[in-house]
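The data blocks that follow each hold one structure.
You will see chain A twice below: alongside chain B first, and alongside chain C after that.
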Partner chain A sequence: METALGYFLISWTDPRLLVLIAVGTFAGIYVGAIPGLSVTMAVSILISFTYAWDTNEALALMVGIYMGGVYGGARTAILLNIPGAPAAIATALDGYPLAKLGEAGKAIGITTVASFFGGFVGILALAIGAPLVAEIALLFAPRDYMLLGIMGLLLVASLSGESLLKGIIAGALGILISMVGLDTMSAQPRLTFGSSALLGGVSYVAVMIGMFGIAEALVQLHGLSAPVIRQKVDRVLPSLATVLRYLPLSLRASALGVWIGALPGAGGDIAALMAYDHAKRSVKNPSRPFGKGAYEGLVAPEAANNAAVGGAFIPMLTLGIPGDAVTAVIIAALFIHGLRPGPNLMVDTPHLFWFTVGNLTLANIFLLIFGLTGIRLFAKIVEVPKAVLLPIVIVLSVVGAYAINNNITDVYWAVGFGIFGYFLRVYGYQLGPVVLGVILGPIVESNFRRTMIAVRESWIGFALELVSHPITLILLLGIIISLLRGTPLWPQLRARFGLRS
Partner chain B sequence: MTLNRRRLFVSFAACALLPMAPGARAQDFPARPLQGTIQWGAGGSTDAVTRAVAPIVEEKLGQKLVLTNRPGGTGVIGLQYVHSQRADGYNILFGAENPMLYGVLGLSELSYDDFYPLVLLARGTPVLVARKDAPWADAKDLIAHVTSHPDSVKMGATGVGGLPFVVHAMLAAEVPGFKVTQVPFDGDGPALTALEGGHVDFMAAVWGAARERIRAGRIKALAAIATEKIEGLDAAPITETLPGFTKYLPWGPFFGAFVKKETPQPIIAKLEKAFVEAANDPRFKEFCANFGVVPMGISGKAAIDFMNRWRSVTAWLLADAGAAKVDPAKLGIPRI
Partner chain C sequence: MDRPRSSHPGELAFTVLLVLGTLVLGREASRIDGLSGPSSPAFGPLAMVAVVLLGLLVELARVAFARPLERPPPVVRLRRLAATILPLQVLSAIALLILYLIGLELLGFVGASFLFLAIAIGSFWRERPLRSRVPAALALAAGTVAVIRLLFQELFQVLLP
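Presenting the complex of A and B:
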């Protein structure tokens, strides 16, 4: 225990490491805030940059960037309606309406505290339950990822706005977009019309930037003469009462985030979306209706995506299996620094586990400090006249789209989907379900195909798969219940089984 | 952010140099930072190998090498990007073996035939692995089980043309009645994770990716797909069970650095020298040992011969397995 504490405190007592984590967290917040600049890419560049450094120093910087980056995406989501990263999509749904109500400062304050709280729960789960959680995460079979994806797709119902039908159409469109490109299972190009530019598929980040950033800028052209919204910045820090009020929700969302983060096949973006869905289903009386500026709609996804950071480190540190794209890059970095990430990592380099836990804790504290300073200044961005702001949004969107893969095609996609998204908005379609379909479509499809292939294309075998394991059964029941709740049958069932609210 | 600023700077520098670029003299090369394009995404093997060698190349050339991942379409996107750039030696492609199969898979007209190999950095050795509670101790047991229970054994794979697919094609060619159900995953990492979780029964994976899991006893090794034992692995080479494998081996993924074929000879010579030196640098070799890949450090003719042999073996295996969309004979790929 004493040695563990020693390892935990390595960075706390070494000024150099302390500064590196602080710098990393600060830089991460801004890398995360800029759409298209991903934390994965930033950490990957750091591999070459820190080549000659001491391993501990490289890791300290990377962990800082990671923690800050996951949080940073919320900034632009709230201020400009462009999620800085896919993990912040759900944050935009209620964050941007809050900015329109003049509460951008308060929204940033709440997301910061929620992120800090979520990050802390993730670290705690990593520190206490890592080996157990990792073993359970391995039990998730392709069928379970498929069910998880379907569960996420049910979120379309929450994001549809006025018309469920339009929501379903938008979601289906997203799934269709996700199918473009080379199918890696069969090496067959799909929906590419013979164009090699389409072989790589359509990046979902490009769709996200187009549909949120560019489409939003176009929609705003309608209201150029509308008065600028004055931002209330007198009270940006959430009061203790507010924090306590959302504590139970934060805790549930964080637990969800840890689990999804720990799954090797799902990361912070899905965690945030599912947490949003959970909030919408479980909170009876939100501060405002969801989608119109509910604080609950900020707390849940932000707690979940930062909790997913600790979650992603669980399989990485215990088994050498990355929990998401960023931890995959960190594993590559460990190899380059002469370590051997794998199940023996904790035996070969015993300090690494508690050292990382210590770094994450520090990064989380820095996140709170940096996140809560400068909010007033940021909130003023919303007050910038539209003649100045909208061109900046467009430029930022284009640059962001290019930065995803350094590919000009992504810019065309972003602009194209921006214009398309504008018309969808005009005709009353919500854009959330489209992006949801693009993200979750491939997860459902590929895992459905894996499951089908494994049972040799037999539907009976497929049905048996769905009841073959407790995890699968729980997920299946979850889906059935969600579906039933939307039907007139639900009240009858509730009466029969004596369930009362 | 530093990346973007740097890239911006590089593009400005590139613009400034444009008028003189074609006539730029070889002895001045490289007068500005080089652009490296990685065919695969961050966190993959190609990415790791490239980022391990790049700082050493920078040292040898005395210039910056700015790396960019351009993934997509099993590397087609990155390859096409570099091919669309000027043949002036400033654009380096870092790729894996995949372009040698673009022809038979009908993915692109381009391949490494359109590039000059500055160096082949390293190659991986496949290992046959099984879930830890599988009832097999070696390749012989596996073969006996599969041939007596056709199609019932689940093999982890990474899609048509991927490493497990090709190793399976070799097994199917050598063992009559070797029929399994191939379950494709998004890469060898996810497939190995599924193997560890017991969702598939066995697979072939590159030694570097499987090593630590084998060492910890979370999966078990049945055979090395090599003619000799791998250092640190107890499992026997596959040729002891199936001598017919000798004609395919050595086979495995490889990583290299390339420039467009039309690049002026003196510039190629300069780059080739720096890259070969970097690939033979003890620091890179140490990385290879740690990463579980075999350092190669060959270039030019030797590299081209290696790749052509690799393509002959693989393309015909795919064709015999019915997975080639274009007949290798039509592409002029000789059968070995």
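Presenting the complex of A and C:
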């Protein structure tokens, strides 16, 4: 216990790490708030810049950006009716009407406190839940890892896009990209078209930077002419009575956020929407009708999306399966620093787990401090036009792609995937499943092959493996449900079993 | 039966291109030695190609089915494509990006990035009048390149292209 506390306090007692978390949280708030910039974009680009850094320092900065970024999206949702991040879509529904009523300051204050509560509940769940999950995960066989990877991909595919089929295509494309290069088991070249340049495979950081940085910047060019709306912001600090009034809802929404965040592939955006829906159903007497400036409509999604941060770290650290797009990028960062997320991470490098919990707690405290101050500076920064920001994002993406291997080929890959990703996006294919496919592809494939070798290449043996172990069976059911959710059969099944829609 | 979702302009051509690209990948996957069983190196790529191809063929059928019987003239379709899929600013950004890559090889990072930023900011920042936009774009480009060079070379200690 004492050792865990020591690891937890590493960043609290090291001034350099403390500053990095503060800077990360501060930058994250602005990155999350500025429409056109996203946390995933920032962390993707940052991976390559922090490549040469000490692991602790790189992680401290990334965790700060993640925590701040999830919260930051709410500010522009309230002030401009433009959610700075997908996790803030639900916040705009009541936040912007509040700003129009002249209550932007109070709305930002309550949002900040709700985010702080949510973040804290998420961190608590991570601290308590992850060691338990890791213990169970030690019992996992290769078939379970394969199924977990598939489930993560299917969840992202079914929850993030306009069609499950397009999500599956995108995920499979990602897995195909991950297969380029020398096969890790037999050292045979695969999908290299005879080119020696492809033997080393496609850098997943280049794919991430292309998809989340360049493609996103190109998509954002569509809305260049959107006018800037200015709102008056008054007192931000909420009263204690206000905080206490919304505390029960914050806690309920946070619990929901942790649960959704911990599901592989489902992140803060889905958690926020589900929490908003929960608030609408459960709050009988809201401060105003929902959609017209109800504070409950701000509290629930904001508590949930920040709680989902801690939740998303649970599958990432214990199973090596990303909880959302940002944790997928953080997994890539851990790989780069020579660490392998999964149950053994908790055994081999326990300091990393408690260090991350300590970082998240610090970032959450900084979020509260920065969230309740500096609103005037914030108003100035979010008014920077996209026409200036987006070309800078593209240049940073190019620098980031080059920095990972000091190789111009990675820049070509990033730009190529950026342009390809742009067309995928505009035709309704989500990029999250592609990137998750690149990360999860090797996990799914290698564990599938191990399972097949164990059953002597027999499909019947494979099928029996899937149904004769309780953990495997649960995961298999999860996959079947994820698949069914995207089909017209799902509403019929729900109706048949008397479930509410 | 449910009414099919409408298709985006140019979606049919894009889906056909994806199918063709997947077929090329499938041909390459079939060349991997030793498809002896499910754990062989060729199985994974071939299986994934099959998943992508099957999915794309279903999409292709959906897009073809969703197209209206009476199609507007090509000029109207081209305008729709330009408005929703490939507006001028995106098209010019992609062209600039390709030129930027060429410039990186010819001029190095500082020169190419300065030109890319100056031209991109200058052409996208339409709200400002041309007279003030040009010097602002030049100043912003110079400032950004200087900050990136200082920050990333000194603080992050990374090499620039």
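Everything that follows uses one rule, which is that the second predicted complex is superposed on the first by the 269 of 501 C-alpha atoms of A that agree within 3 Å, B and C clash if a C-alpha of one lies under 4 Å from a C-alpha of the other, contacts with A are read in each partner's own complex, and residues count from 1 in each chain.
By our rule, contacts are C-beta pairs under 8 Å (C-beta built on N, C-alpha and C of every residue); 3 or more make two chains touch, one makes a residue touch a chain.
Values in this document were obtained by computation on a predicted structure and should not be read as measured data.
Asks: A:Ser186 in the overlay: touching chain B, chain C, both, or neither? Say first, second, both or neither.
Replies: A:Ser186 contacts both chain B and chain C.
Asks: Between chain B and chain C, whom does A:Leu176 touch in the aligned arrangement: first, second, both, or neither?
Replies: So A:Leu176 only meets chain C here.
Asks: After lining up the shared chain so the two structures overlap, which partner does A:Leu466 touch, if you call chain B first and chain C second: first, second, both or neither?
Replies: The answer is neither, since A:Leu466 touches no partner chain.
Asks: Contacts for A:Leu237 in the overlay, against chain B (first) and chain C (second): which applies, first, second, both or neither?
Replies: neither
Asks: Taking the superposition on A as described, I'd like to know which of chain B and chain C A:Lys166 touches: first, second, both or neither.
Replies: Touch partner of A:Lys166: chain C, not chain B.
Asks: Just chain B (first), just chain C (second), both, or neither: which does A:Val398 touch?
Replies: second
Asks: For A:Gly201, decide between first (touching chain B), second (touching chain C), both and neither.
Replies: The answer is first: A:Gly201 touches chain B but not chain C.
Asks: Between chain B (first) and chain C (second), which, if any, makes contact with A:Leu483: first, second, both or neither?
Replies: A:Leu483 sits against neither chain B nor chain C.
Asks: Between chain B (first) and chain C (second), which, if any, makes contact with A:Ser48: first, second, both or neither?
Replies: both
Asks: So which positions on chain A get touched by both chain B and chain C?
Replies: Of chain A, residues 48, 51-52, 185-186, 189, 399, 403, 406, 449-450, 453 contact chain B in one complex and chain C in the other.
Asks: Touching residues of chain A toward chain B in the complex: what are they?
Replies: The contact residues of chain A facing chain B are 27, 30-31, 34, 37, 40-45, 47-48, 51-52, 138-142, 181-182, 184-187, 189, 196, 199-201, 264-265, 319-322, 325, 328-329, 331-332, 335-336, 338-345, 399, 403, 405-407, 446, 449-450, 453-454, 456.
Asks: For a test of understanding, state which residues of chain A touch chain C in their complex under the given definition.
Replies: Going through chain A, the ones touching chain C are 48-53, 162-163, 165-166, 168-169, 172-173, 175-176, 179, 183, 185-186, 188-193, 214, 217-218, 221-222, 224-225, 385-388, 390-392, 394-396, 398-399, 402-403, 406, 408, 411-412, 415, 418-419, 422-423, 426-428, 445, 448-450, 452-453, 457, 459, 462, 488.
Asks: Tell me, which parts of chain B touch chain A in their complex?
Replies: Per the stated touch rule, the residues are 1-4, 41-44, 47-48, 51-52, 54-55, 67-74, 76-77, 80-81, 105, 107-108, 151, 154, 158-161, 181-186, 189-190, 193-194, 196-197, 199-200, 211-213, 215-216, 218, 286-287, 290-291, 323.
Asks: What residues of chain C sit close enough to touch chain A in their complex?
Replies: Within the complex, chain C touches chain A at residues 2, 5, 8, 11, 14-15, 25, 28-29, 32-34, 37-45, 48-49, 51-52, 55-56, 58-59, 84-85, 87, 89-90, 93-94, 97-98, 100-101, 104-105, 109, 113, 116-117, 120-121, 124-127, 140, 144-145, 148, 152, 156-161.
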